[in-house]
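Presented sequentially are two complexes of chain A, the first with chain B as partner and the second with chain C.
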Partner chain A sequence: MTIAAARTPGPPTVRQHFGRTRVMGLSIGVIGLFIGVVFGLGSRAGSHTSVTWSPVNLSSAVPWHLGTLTVPTRLSCLILGLILVALGAEVVVRRPERGVMARFGVAGIFFLFTLILWTGRTLGPSQVSSINFTAILIGSSGVAMVLVYGSLSGVMCERAGVVNIAIEGQYIGGALVGTVLASTTHSFIIAAIGGAAIGAGLGWILAFLALRYMSDQIIVGVVIVTMMAGLSSYLNLQVLSPYPQYNLGNLAPPLAIPLLSKIPILGPVFFNQSGFFYAMMLLVALVSFGLFKTRWGLRVRAVGEHPKAAASVGINVVRVRYINVVLGGAIAGVGGVAFMAVQGQFQPGYTSGLGYIALAGMIFGRWRPSGAVVASVLFGISVYLAENLQTYQIPVPTEILQMFPFLITIAVVSGLIGRVRPPAADGLPYQRD
Partner chain B sequence: MTKRFDSLVANDGIDLVVEPGQIHCLLGENGAGKSTLMNVIFGLLRPDEGEMLIDGEPVWFTNSGEAVRRGIGMVHQHFMLVPVFSVAENVVLGFEPTKSFDRLDYAKARDDIRRVSKEFGLEVDPDAIIEELPVGLQQRVEILKALDHDAQLLILDEPTAVLTPQEIDALMTIMRSLADSGKSILFITHKLKEVKEAADVITVIRQGRVVGTAQPTDSEGTLASLMVGREVILTVEKEVRSPGDDVLEIRDLVVRDDRGLPAVNGVSLDVRAGEIMALAGVQGNGQTELVEALAGMRFVESGTITLRGRDITNKTPREILDHGLGHVPEDRHRNGLVLSMSVADNLVLNTPRRAPFARHGSRNLNAVRDNATQVVRDFDIRATSIFEPVSSLSGGNQQKVIVARELSRPLTFFVASQPTRGLDVGSIEYVHRQIVRQRDEGNGVLIVSSELDEVLSLGDRIAVMHQGKITGVVEPTTSRETIGLLMAGVSEEPARA
Partner chain C sequence: MPEDPRASLLSRWTRRTSQSPLLVTALALILGLAVGALVIIVTTPAVLDAWRGSFHSWGAPGHAIKVTLDNVGAGYRSMFTGSVVDPPQFWHSLTTGRNWSLSLTPLSETLTYATPLVIASIGVGIAFQTGIFNIGANGQAVAGGIAGATVASMIHLPTFLHLPLTLLAGVVGGMAAGLVPGLLKAYTGAHEVIVTIMFNYVIYAFLIYTLLSTPLQLPGQQNDISRTFDATAQLSPFFGGSSGLRVNWGLFVAIAVVVFAWWFLDRSSLGFDFRVTGANPNAARASGINARVVVVLVFLVSGGLAGLAGIVQASGTTHLITGGFLIGNAGIGFTAITVALLGRNRPMGIVWGSLLFAALGVGGRAMQSATGIPLDLATVIQSVIVLFVATPVLIKEIFRLRGAHTSALQLATKGWGS
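Up next, the complex of A and B:
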């Protein structure tokens, strides 16, 4: 994992020569230029792109209809690219103290947006093929939701000073238990509880080995992922394949919120979702409030930053870490159930590294729940596009898009853009002396 | 009270009585058992025997939270403050005022801090972030934290190690006013001058035992001999030599620290052959980074370093060592030794690939062994075997291993960072003699030390560093006050006010 290596302070790097904020601004500008040149000038002058905002997942009729919007591809991409160049220039010149990472997030989303515009272009104004943006957003929201659960799990553990690289394993465990419970009891609530329990159990194993025996947390995490990957394949082969009644299709039904779900464009994305989605939003608010406003949060952060200082005022460092790692595991476990409820079924290998992307999102989001949400949206869209671009006949190798979250993460942890500062005691074993 | 670690008796039947309104000094050398005693009192360690009474009531604490609740506050040598938290967050941590839903009551926290600050004259902005405060203020926050928890007994563990002389004076004033308001203070130190200045009562401990009590009116010599068990010569014997030409020339050096901030900011310094240049200053003012740059362990942003006419700026450590630089690093565990390797291997760490220790890429273990046998005898390194891991040696002997290794090859220049930190008096004398010997052989020597006594007694010239700059180069006859002002950044010219 590159994550651990990047944490030790090293000799001065490029970013310190230039100033981090400037490099960040330059990166935004470069993305803008790329959009303008490749997507804008790269498409023929007369080409157009048609987009629709059709809320495919709303069963009831909506009182609005936006129809199809046809925009000139070259002009749109040029405008969006220029906006980013301006945004980048603003960052370089003004060097604002806050919100630079958020602007970078906007640049990422613009990039994906113009990529879609560019790939969907036709030679002239045409109604034949159009791209349904709302559908893309809804599809991406499923992935983003799963990522948020994982990132929150990471935030819970790492704020207390324990690296949870086992998120992937907790996803697998949650998805496996979730499908069996959902198939047998037909209750997603029971499935979620079961997923939380298996996630918490795996978290406890991590906590026990890391806190009692001071094992290397990253190695324990990788061991848990490997173990769960193997165990789930075995159980799938031995149980789920011969007894398909335990692995029925279990798509969590959307629960439309009256009125809110009918807001044009974004209503169906945010307010016509499964219970897992609403629970996720609630959890983000809860963890954010807990960490930064409460006594509990102050103690957790103290334990993650300077455990000895926390211990010197009577805080039980080991207990705080146990509680957070187990709770974090439970959250990732629910994330696994949510993943199963989006996919409908359990299949081994389906999580395909999503846990690591969630971890990357936690870093990109600077160990904050709100940051994790921004990162998950960006990464969620790119993961979804990578898996579904074939349907839109896009001439870009999907592997490039799959690399996107990791490329951003490498840029972030290597300090090339932005500044990330993990909790000071993150990953370090604590020993009473 | 008795505390054992396996076979080692760290505290052997210690008796100690602290009265209210009193500054009680606990004097002892490094390793005398002072910290163990404090940690037992503060509930961080459990004693094997003995009892502790607070206002006549017997107690032992199983964790430091209990100690705090019973009115004991401790200011650790390494501050127990979370750097990214505000003053208020640090002060209330563990004893937080809350509103509904477990929410922190910041308004109440701020008010409490302002009230306590006012009561004891400790001005601090409750919303300041700890890492942005100077060290002296951070220490003030530590004291404030203890007072906010209603401490009656305040333990200060080597509180002056990181302070400038002026900050030390301020601390002494604070301690006195706290004692006057009825608090008890237990002041741990190994610095005689401070003891005489601050204490009402002095208890001296040596090798885990109380060896006597003394009065602040007793002479430094009396205190020192109690502390080390024999008369000590507090100055280094050395003859006056006339130095030669410049061997080391540093010009406009800029070096950044781990956070990317300029730690050395435009330093120019010359060291002549046959001269000991002592670099004084409070820790963390760029001395560490300067030496690291010199040894090739840190990137030089701009400026040059010239050793005997050759530019060694940003050369690799190997090239620099081959050019005749001997280097005793500040942190011997991290940069000086490979702890798990044997004494013999550590003695050839800087020349492992050279004849006679290696030939054609394979090691000559006989030569390594013979070398170790010889060096251990010459430098009086106490080790049961040259094959035992260097980690099992005492701190003083570990330091001797490093010094012996660096000095057992021909040098042109010798740099030693905090060469006697944590050593007993015998080892200090030994290391000092070796340093003087290097000078007498005509090499340039640069010593970095935060002990003013060491700087004054060793240096032929003294350079003082403050916030990455040299604030003055003075003769060793200069008064402590003048050097203190230089350490605080007041430049050499007489004050204009």
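Up next, the complex of A and C:
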């Protein structure tokens, strides 16, 4: 894509940029229209959707009780659709320089939300079944949390110029080590440390082969994933099955933050989570601050964009890359432990491509921690809904929801909507002169 | 490299062999088996107990070594007898002339396993030679399987039409799946690795959709399983269904693909364009090769071969496809990437690489049924082999070989940005 950009002279690129922004605005508008027409007008006039807001476990009951909210489906979908159309029009007319992708992410979240409304509608105003919105948010937040860890790992590695495709393998390793340590020591802190260690180890293998021997980073990454998939399946049959005491399936207990967790709707989602969730939020802030506000971050980005220039001012390119890939691996390993702490017992193959969704989230989030969070929320909701909407018996195949993160990433990398640009030296081997 | 005539015969021999890719592969195989042995040792309770006992009495270390060798040896022995030949059984057949099918089963299984692998790997290898990393071979194989299964089970024709049409449908399915990343790469510059990874998962979801919500699903079934292929669309076993040997006519499809690949890469002008583009994109552009057209064509060829591999796999062995068809990291499309690497993207190299990996895979199954060591050990061994083959310099350092100038694997190391 750099070649294509280089061939076009200055002014057209600017026009191109505005063109892309318009396309983004148009696609936001189209999503809005779709919501309004299909979900809004498509549902019978008198149909209603009942939404409850109660968290799943009643022990953390909120002091104020929120009753079931019954909304007319057609009207609410129409309104939400119109809001998106207005948002799209705003992008087309004003052509803002920043935040277009974030607006697009909002459109995606609106789409999923109205899909829920449309799915749960019942004919007439009577309340037959209700959709527990908070439960959906809590379930999705678990997936999104794991995705954020993976995307952050990708950001750490790729900002320094090393492609980490092995996130899936680091997830598997973290989950495997995590379940054994959590089952034997009953401490999730020790499990997290173990997961970080195995992730760092896999990161080190990638860095060692890619930096010292100039192996192809993508091949090494793919092979690490294959190896971890095989190894986890092997260990599951050989060790975990005969000794179930090593795989108890501990779930990390939620740690309610005293007052904040009582906030209706959002409280249980953000402030009644396991320690992994709070650690994730801390980590996002830390990586974001570190990458863009500190000396270290400047060095990392220099190494990822132009290693020769970085080396000429005395930065040790190879060392920066080693450190970042190992740290990134450790983050993904903790993500694997977090996944185990949400899902319970380890089973081979149960990450089922989540590492690649995290990779997609990193790309959709434009190699930024904050963007990775938006992408992970969007993808996390869609993954959760794809797995759980079957219970609502919707007439659309859930496979389309499963495709959603991947299709949207393909659209983004090919510039059909928006434009992403990876660090310039991403994936290129660096040879010291 | 001109050889020094004064050097002794021995040193010349060692230098020449240390430069051959075969040696690197053989050493990688040894290292892979060593890692596999290590994994067996640390996960088998009997072996660990024996070593723990060796701290308590004097005679025990010898015992512990014996237990270790017994366990590892039994695993690898069953791996060999299950995938190549079981000598006593073979001798029995030779002397009495009976039970040939039993003696030949291991080889037959290995060939059956290798057949689609060769086809898919050649597709990946051709893409590699053009500088394109087709990581989506697995998805393309699944797409070929879906298209082929549709023709094989829902159209009814005589064999001489039905079988070619089924295989053709597989090729077309794979091409269709390859066309998307090809067009995106050529016209928008989207990196093919990202697009093909993502597209794999789109196709997996599509597979589940077709098997659950379309007429391809076996009537009266709730599960994700397709209709059974017509007998006229199956690649039937050479020696008849009653022999128990599964090796089938798909083998000839694979041989034809190998011959085609040799001709295509070494003799055809399009193949030449492909290789020039892979070796030096700038020179290719300067000499008037249309890079966009080449990218799209590479994906058509590579995807078509992957699709063919998918339908050969389904039509030669299972005669139907399920939701688990080629899913996961052990799918032939992923193994094909490693095999192409192992065979250095050359057709004959790929044949040998496929046979090695097929033997490991089949042997893993035999090992599991004979000794209870899970077959996934084979995947681990394969991965270690590939890691070392992709890093030939590391092997030379480990074994202290000289002649550091290996024909280093020139791959599509170009990063996301290009």
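Definition applied: the second predicted complex is superposed on the first by the 413 of 433 C-alpha atoms of A that agree within 3 Å, B and C clash if a C-alpha of one lies under 4 Å from a C-alpha of the other, contacts with A are read in each partner's own complex, and residues count from 1 in each chain.
The rule is short, and it goes like this: a residue touches a chain if its C-beta (ideal position, glycine included) is under 8 Å from a C-beta of that chain, and two chains touch if they have at least 3 such contacts.
In this text the structure is predicted, and so the values were computed from the model without any measurement.
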(message) Touch test for A:L248: chain B only (first), chain C only (second), both, or neither?
(response) neither
(request) In the overlay, answer first, second, both or neither for which of chain B and chain C A:K293 touches. (result) first
(request) Have a look at where A:I323 lands relative to chain B and chain C in the superposition and call it first, second, both or neither. (result) neither
(request) Please work out whether A:M281 is in contact with chain B alone, chain C alone, both, or neither, and reply first, second, both or neither. (result) neither
(request) Identify the partner contact of A:I315: answer first if only chain B is touched, second if only chain C is, both if each is, neither if none is. (result) first
(request) Using the superposition on chain A described above, determine whether A:H306 touches chain B (first), chain C (second), both, or neither. (result) first
(request) Mind working out whether A:I83 is in touch with chain B, chain C, both or neither, as first, second, both or neither? (result) neither
(request) Compare chain B and chain C by how many residues of chain A each one touches, and report the one with more. (result) C
(request) Determine, under the contact definition given at the top, whether A:V106 touches first (chain B), second (chain C), both, or neither. (result) neither
(request) Identify the partner contact of A:V30: answer first if only chain B is touched, second if only chain C is, both if each is, neither if none is. (result) neither
(message) Show me the chain A residues, by the header's touch rule, that chain B contacts in one structure and chain C contacts in the other.
(response) 424
(message) Give the list of chain A residues in touch with chain C in this complex.
(response) 1-4, 158, 161, 163, 165, 205, 209, 213-220, 222-227, 229-231, 233-235, 237-239, 242, 349, 353, 356, 359-360, 363, 397, 399-400, 402-403, 406-407, 409-410, 413-416, 421-429
(request) Would you mind writing out the residues of chain B in touch with chain A in their complex? (result) 39, 42, 44, 63-66, 68-69, 74, 76, 79-85, 89-90, 92-96, 98, 101-104, 149, 256, 258-260, 298-299, 301
(request) Please name which positions on chain C make contact with chain A in the complex. (result) 39, 43-45, 133, 135, 180, 184, 188-191, 193-195, 197-199, 201-202, 205-206, 208-209, 212-213, 328-330, 334, 337-338, 341, 373-374, 376-380, 382-384, 386-387, 390-391, 393-394, 408-409, 411-418
(request) Could you pull out which chain A residues touch chain B in their complex? (result) 9-12, 16, 290, 293-296, 298-299, 301-302, 305-306, 308-316, 424, 432-433
